[in-house]
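Letters A, B and C name the chains as they come in the text, with residue numbers starting at 1 for each one.
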Amino acid sequence: MNNYSQRPIEILLVEDNPGDVRLTREALKEYKMANKLHVVGDGEQAIAFLHKSGAYANKPRPDVILLDLNLPKKDGREVLAEIKEDDLLKQIPVVILTMSQLEEDILTSYDLHANCYITKPLDIAQFIHVVKTIEDFWFSIVKLPVK
Amino acid sequence: MIDNSMLRPVDILLVEDNPADIRLTREALKENKMANNLSVVVDGIEAMNYLRKKGKYAKATKPDIIFLDLNLPKKDGREVLAELKQDKDLKRIPIVILTSSQAEEDILKTYNLHANCYITKPVDFDQFLKVVQSVEDFWLTIVKLPPD
Amino acid sequence: MENSNIDSDAEGLLGESNEHFHDLFENMLEGVAFCQMIFDDAENPVDWIYLYVNPAFGSLTGLENIVGMHATEAISGIQESSSELFEVFGRVASTGQPESFEIDFKPSSLWLKVSASSPVKNYFVAIFENITGRKSMEEELRKSEDHSMMLADLLEKSSQPFAMRFLDGKMSIYNDAFCKLVGYTKEELVDFDALQLTPLEWVEREKVFLDELKDSGQSVQYEKEYIRKDGSRVPIEVFVNLIRDDAGQPKQYYGFYTDITERKRMEQELQLKDFAFKSSITPETIANMEGFITNVNDSFVKTWGYESADELIGMRMSMCHADPNESNMVIETAEKSGFWSGEYIAKKKDGSTFIAMAQKSLVLNKDGNPIALYTAAMDITDRKRAEEELRIRAKIGEILLIENDEEMFDEVLRIVLETLESEYGVFGYLDEDGALVEPTMTRQIWDKCQVPDKRFIFPRDTWGNSTWARAIREKRTIYSNISSENIPEGHIGITRHISIPIIHQGNVVGLVQVANKITDYTTDDIEMLELIGNMVAPILDARLQRDREGKMREIAENQLKGVLQNLMRSNRDLEQFAYVASHDLQEPLRMVSSYVKLLERRYKGNLDADADDFINFAVDGAVRMQALINDLLLFSRVHTRGKEFEVINFEDVLATATNNLRMQIDENEAIITHDPLPTIMIDRAQITQVLQNLISNGIKFHRDEESPRVHVSAKENDDEWTISVQDNGIGIESQYYDRLFIIFQRLNEKGKYPGTGIGLAICKRIIERHDGRIWLESEPGTGSTFYFSIPKNLKNTTSTIEANLLEQL
């Protein structure tokens, strides 16, 4: 893998649980490749971030979105739908990272073209392991679309 | 994490025209501990038939995941992708593009067509093993696949 | 008028011949009155009674029918007006002594001589004589005596010399002034011979005047000179007349003499002035207050184109002006303020005009009254022309600075039309094909020329034989004040025109034409136009050059573009080739490599050692091939995948590179250090590549005894930055410096140091894309320092051009 000119990977984490945010951040820190974590706490902010509106005017476009489903203000499913309908945003891989194990949530998410659906493990160590796997897979193995 | 999807072997559909690559993939998958059933179709038409259970594929099982090459005879992989992702019965199936192309246009296009992820087949076999392993690890253990 | 005294014995007389006396009295011319005196109580005479008056009395006094009346009754107011009568008559009547006296008798306004006597006491007789005539004569005589005394006095006291002499020259009467004039005293002139006073040379002349006087009896006036006592001459003017005796013979001359020394002097002055006037080179005239020329000098005559002064004298001053009204205004001003100075259009004898500058001033006499208007004038046509030229030069100079060609040409044409008072004009230049380009024409030509094809460019072969074409070909001015006869359809009628080729250093660079001035074009006009042409010539030439250069530059640019396109194409081809090659090569390579590896995995341990070796070599080959292909791809993509230059902090670049080399750095325990690094304009990804490559090499080629150290620093020059990457590695011999950067050249045996050998070639290509240079210094056994320079003012234009051309390709 040629990383001659890697710029840091931009990750957008849409998560309202501060604990999970913290864990994700810790897991990402250890990652061998440069990455930058952006966090928004609700669906509206997520959309604003992606549209670069208001306070998010100078924010970069994320290479990957880690999206929780149950969010205040705007629901994660809505956010997913909006992203995957937007011609400019739909290429961004969206990893649904949620507590829910409900079948309907899984189905809805895949229907709405989520790239993959992952349930957050309760165990912290597991959680970190999951994040690392996500990292490994999406940042090393997978080819992400170039902006 | 143990979950339901682990209890039965994972059905993988490989859409690939290069026999050498097919063999490689098969061997790579064998290396893995995970139980899986690999079905192979060699062109785009066959792929659609299989998934639609047409003709000789009437008894085919719906795959849990599709590994899709792009450059296929008869029907191009991109077309297959597009069709599948528009088919309400089939669109949920995660499609992993597994191709030798590194072309940015291909990457972008396939993501636009809602490919779940795009992987370039590494030249190095060890890498290839790693990749396949990674794919398995991720998609077959971490990720929640859509239930039937 | 004899006094007739009557005897005092009146009674007797009366009594005796009453009738005789009565007749006598009745016919006497003198007035007689016989009266009785009335005294008051104080014996003062207060009145008288008229007892008898004769008719003469009546006519002399104007009193009628007064017999028996009191005087106070008969003559009202007599007491007041002639009170002395009462006294005298009273005295005569009472004393009996006769008296006579004169009285101005107011009631009848007569002077009367009264003789009163008293024949009988208290009675008197008065005889009246009318002496009015005599009285007035006496009065006259007295007056004239006074008069002549006054006259004599006046003459004597007068400052006007006056003298009388007899014909023989003896002086008779002379006054002080005369004495002063001739310098003799009164006494000296007593027996003086006045003829001495006249110098010899004047005698003849004087004789003529004196003869005239004798013959005509009219006084004469002439000039002469006197010799004074001291021998000096004094010019005088003489007014002479004759006094004749009763027989009419000339007796004496009398004369009034005026010393005209002053006058003579003034006359001389005037003569001098006149001379100066006449001979002055400044045209001068004098006109009277009615505006007629009274005097004019030769210079004026000549300047105004006349033959002699006579032609002008008596002519109205205003005839010398082109506009007589203007002249009148000027004269008015001069008369009001005493002075006028300014320019006007003068008119010569032949009617032609020129510009004159004049000063007029009123000439005043001694009393300060204007008597003439003096004019000094100059033909300033030349000066005016020089001024005009200067003005035109300045204007044109300004105009030629205008950058916009169309504007400049328009302005020049406007000036030309204005200066030459022409209706139409054309102004153009020759392009380097020799065609006449007319960027500007007067609007009328544009509008009026209904020629369907209003061409502004006239290729040389279409010129034909029109005036302007000939002017250009023959390199000379062509002009005409005669209307052109055959006017092509749709063109305007030209009455007068000038066509001038604009010549610069012997070559015709343009053309200017004017037409349809109301009056004829003069040589001055032609000169002016030529002047303008000359001024504009260098500019036209310069523009022509510029056009030529512009064209050449265009050609050069096109060629360059072509070259660039070729270059781009070849880069693209290279990249495509490399891509295709690599892609197509990769697949079989992958097969080889993968299956060999699979073999390895599957049968490791189950094969002999040789087989293991074989497998290793095979795999190794494949791996290296892979790396080579990747590097080739990178190499080919340097230009075509290059991004726009951005301002980047070099320290970030170093951080990224170091990060990417983390594994290599850690494995080799390498230490990377750096100095403060600048912010410069670069393609971030590519320079990161370079830095990474150089650092990686620095680590890779380390000496066994030391852990690798790499130091990155930067140096600023005037127009570039030089980055250096210094290592403490094995070093490179100088003979190999050049080969380093060539693709695939390896200096060490295969296998000792990993690497494809393309790295530095890629670096060089990248640096060259940045218009920089890459080189090294090295000491075998000590280390190497790689340098690369990045110019400061990197522009993105090249890449934009590249991008554009890329699209076109």
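What we mean here is this: a residue touches a chain if its C-beta (ideal position, glycine included) is under 8 Å from a C-beta of that chain, and two chains touch if they have at least 3 such contacts.
These numbers come from a predicted model, not from an experiment.
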| item | value |
| --- | --- |
| Per Cα centroids, the chain farthest from chain C | B |
| Inter-chain pair with the most contacting C-beta pairs | A-B |
| Approximate Å spacing (C-alpha centroids) for the pair chain A, chain B | 23 |
| Centroid distance [mean C-alpha coordinates] between chain C and chain B, Å | 99 |
| Computed distance of Cα centres, chain C from chain A, in Å | 86 |
| Touching two or more other chains - residue numbers and ranges from chain C | none |
| Chain B - residues contacting chain A, complex | 1, 85, 88, 91-92, 94, 102, 104, 107-108, 111-112, 114, 116-120, 130-131, 134-135, 137-139, 142-147 |
| Chain B partner contacts - residues on chain A that touch it in the complex | 84, 87, 90-93, 101, 103, 106-107, 110-111, 113, 115-119, 121, 126, 130, 133-134, 136-138, 140-146 |
| Chain C - residues contacting chain A, complex | 630, 634, 656, 659-660, 662, 684-686, 688-689, 692 |
| Residue numbers on chain A that touch chain C, as the complex places them | 2-7, 32, 34 |
| Contact set on chain B toward chain C in their complex | 20, 24, 27, 100, 121, 123-126, 128 |
